[in-house]
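Some notes on the structure that comes next.
By letter and in written order, the chains are A, B and C; residue numbering begins at 1 in each of them.
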Amino acid sequence: MKAQVIIIGGGLMGLSTALHLGLRGVKAIVLEQDSPGRHASGVNAGGLRQLNRHMDEIPLSVAAAEMWKNIKSLVNKDCDVQFNGQLRIAETEEQLKTLQKRVDDLQAKGYYHERIIDKDMLYHLVPKLVAGCVGAIYNPDDGSARPFHASSAFRHKAIALGAKILSHVAVKSIEKSASGWQLNTNQGTYHAVYIVNCAGAWARHIASEFGESVPLMPKAPMLMVTERLPPFLKPVVGAIGHKLSFKQMQNGTVIIGGAHLAHLDMQSQKTEIDFTQLKISAQSVTKLFPHMAAVRIVRTWAGIEGFMPDNIPVIGPSAKADGVFHAFGFSAHGFQLSPIVGRIISELILDGKTTLPIKAFDIQRFQ
Amino acid sequence: MSSSFRRLDEPDREWLTVEIEGETVCVAAGETVAAAVLASGMQSCRSTPLSGEPRAPFCMMGVCFDCLMGIDGTANRQTCQLPVKEGMKIRRQLGSAKAYI
Amino acid sequence: MAQHQLLIIGGGPAGLAAATAAANAGVQCLLIDEQATPGGQVYRGVADIPTQRAKLLGPDYQYGHTLVEDFKASTAIHMPSTSVWSLNAQREIGILHGTDNKQATLLSAERVLIATGAMERPVPFPGWTLPGVMTAGAGQILFKSAGIVPNNGVVVAGSGPLLLLLAWQYMQAGVIINAILDLTPKDNYWRALPHLPRALLSHHYLLKGLKYQRQLKHAGVPFYTGVSDLCAVGKEAVTTVEFSHSGGRKNIKTPLLMSHFGVIPDSHLSRSAGCHHYWDPNQLCWRPTTDKWCNSSIRGIAIIGDSAGIGGAVAAHHAGRLAGLDSAYRLGNISSQQRDENARQDRRWLAEDLHVRPFFEALFRPCPTLLAKLKDETLVCRCEEITTGTLRQAMQAGHSDPNQLKFFTRCGMGPCQGRQCDNTISQLVAHELGNNVGQNEPYRIRPPVSPLTIEQLANLQDGRDKQ
């Protein structure tokens, strides 16, 4: 089979790229080794967060936030988005000083999406927070969505625009061919002029097929979800002193993340919860939200995600191969960026450039 | 309306008292809360968080989670896994866990 | 260095027999039991049941007493009122123990035997979530562990040996049985017939069933066979049972309906641990892959009794002995010859017992179209109240395996963690896709597989290494 563009990886980055290419009349083929949205894209905490981003990600994040606000017009589904804000709590004055410094730095660079809120505002927004916290940084425009629903919506829209999404197709090797590239998979060979590497935690192997070595580390951050509770929390909550992401969904369940890692076997693609680590998450919860003590944990899980050592992704053209583009390594915070990344890649392919600053994400920083 | 369940007449039963929905009720030692609630004549032990429809114990062995009730202030306890204790306060579980908030 | 030599999960006949056999061969053995007293479900309460109640339950139940006595006489340690919420391939076990304030602890063992038994096959029908509708197993548990029986009549409906047993036990206790509705498909009698000659080798099973039936009919209990389209009707609770029989629609007033459609392995723990499972097309359930010593696909973990595949209490006892002896061999306490010699009788028993299985499996096999005939309004997921119609729509929209359905509709994400809908979903998906059930990956089951609170996890004790 052949196409102008073949996208390796049916997670949100790949689906978003296929969708944006489709919007411009290009029907891509997506090769997914499992089923679309099976891994990080489908099982993450669903945070739509501009708050506390790496400086270089901010322009992309701001553009993506606009797209999430209008997600229904992009993918015909609302993906269960809610925009009740995100905050990062300071328990001590020391911590608050650190947050203030960040806000000052951002404002110096012209960014005003994060602001400091005082104790009164904090407890107004999060009444069930334990007493004694002093303030937070807050972005009222942040929120969350449901990852599997978003992945499904992107997938259906991409298909409606002409993309072909093939499951259980694993790319074994890639070689140059007369017309561009030949991809050898477990289900036959494919030909393309352009290739996009959206293979997530598996992107390293794909990059190496082009002679590019990247220090991508697959890891499995753990999450847990509780039983349904009556509504008590609107914004998504993090804290500077804890590895914690804490949000209550519309259905009343609370999703608790924090990037504590599970054991991961990439060979079998199996994750195993490390309860001695997850215990730390639970301790953070009981410290900050004491009323959660007797709440039942209904499920724990860990998604397989690709991490870069500098915690920012690789986005941009291959340094060694013509017509090859990369979008991977989102280090557990790619969900919110996915709509804009797809647009950026489609622009790089079709226009040879993009309006957003992506120099910091160049693969060459590792070479 | 009489209870759908009754206790067999057995001479060696030991009795204790608990509160079911505020009412003092005699139950037998060794019974699970679910068994005691059924024997006391209560038809439904909870209402679901989604539609509010009534539910009662279904499997009695801990695999259906329909027997959830509030016990001594803690919500959503599996009553078929809990033996009765003197003075226990048992309440119907109405929807999701209001007891926490 | 693991903390325990052998850790057994489950206090029913398989677990008790395994613990006794292993401990008697010198193995340091800990048996974790969710109940306060040993016996599991089939022998529930047997250790301290009032004599007169035990008599009503019959001689098979009373046999459990011997198993418990043998266990108590061994050096195996019983850890009651303890639930297991996690087991992994490294044989690390998460437990919750204690009577008042539960403590969460991580343990480790050289070998683990999973003996979690069986659960009632969850079969959706209209009204199955109404108060007053329970499983026959629930009726048995109320009877055994609390001496509680129906007060104003009961309808017993479904298919399988437990149906007659429960009705007979109720009759002994003076309970009014409004009707016995046998939903065994008429076709099954023909399918089972070829297996009958072999089944006669274990004729005691068959005679028992016939005896119960005869006595119940003699007592005037209304029997309906070839029943289909069971419905429980009522508003706050069931008041009437409706069903199809002899070409017409009938109904019976009743405040209680006890249904039974056979039992299936409780494979929740073994699946969450990552053991390999396959779909058994005869028993219509997911079963772990095991070898002749009950070892699973994970080294050091064996699965015994009904949790490995439905065989009943006697088979469970003998399989437990096999696994206990094999564990003793693998832990270096006995030689392979000693193991084989001591296991000889158990192997013979199991071979004999198996004579009757094909007959019962064919006879009581649920109607294959039972699930396909589900009405759109019938609930499949009790916890999240997801109807068959919602699932069919989601499948038509391309969510074509149980896990995608789970993520998309929340079916299987409620408190029971998919225990009541897993069996149905797997068959429903295969029916929609037109493929074999075993081809579609079933629900991925994640820990904690039994209730664990945030505070309990926050106070987790790590007891894995020997000091």
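Quick note on the criterion: a contact is a pair of C-beta atoms (placed from the backbone, for glycine too) under 8 Å apart; a residue touches a chain by one contact, two chains touch by 3 or more.
All of these numbers come straight from a predicted model, not from anything done at the bench.
Comparing chain pairs A-B and A-C by the number of C-beta pairs in contact, the larger count belongs to A-C. Innermost chain of the displayed assembly, by C-alpha centre distance to the whole-protein C-alpha centre, is C. Centre-to-centre separation between chain B and chain C, using Cα means, comes to 23 Å. With centres set at the average Cα position, the gap from chain A to chain B is 44 Å.
Chain C has its Cα centroid 41 Å from the Cα centroid of chain A. The multi-chain contact residues of chain B, meaning those touching 2 or more other chains, are 76. In chain C, 414-415, 451 are the positions where the chain touches two or more neighbouring chains simultaneously. Looking at chain A, one finds that residues 227, 292, 294-296 touch two or more other chains. Residues 35, 42, 148-149, 152, 156, 225-227, 251, 270, 272-273, 275-276, 278-279, 282-283, 285-286, 292-301 of chain A touch chain C in their complex. Across the complex, chain B meets chain C through its residues 2-8, 10, 12-13, 28, 30-32, 35-36, 38-39, 43-45, 48, 50-51, 53-66, 68, 76, 78, 80-81, 83. Those residues of chain A that touch chain B in the complex are listed here as 128, 227-230, 232, 252, 291-292, 294-296.
Every residue of chain C that touches chain B in the complex is listed here, in rising order: 34, 36, 41, 48, 50, 52-53, 56, 83, 119-120, 129-135, 137-138, 141-142, 145-152, 173, 236-237, 255-256, 266, 382-385, 414-416, 419-420, 450-451.
Partner chain A is touched in their complex by these residues of chain C: 86, 88-89, 94, 106, 274, 397-399, 401, 404, 407-408, 410, 413-415, 417, 446-448, 451-455, 457-458, 460, 462.
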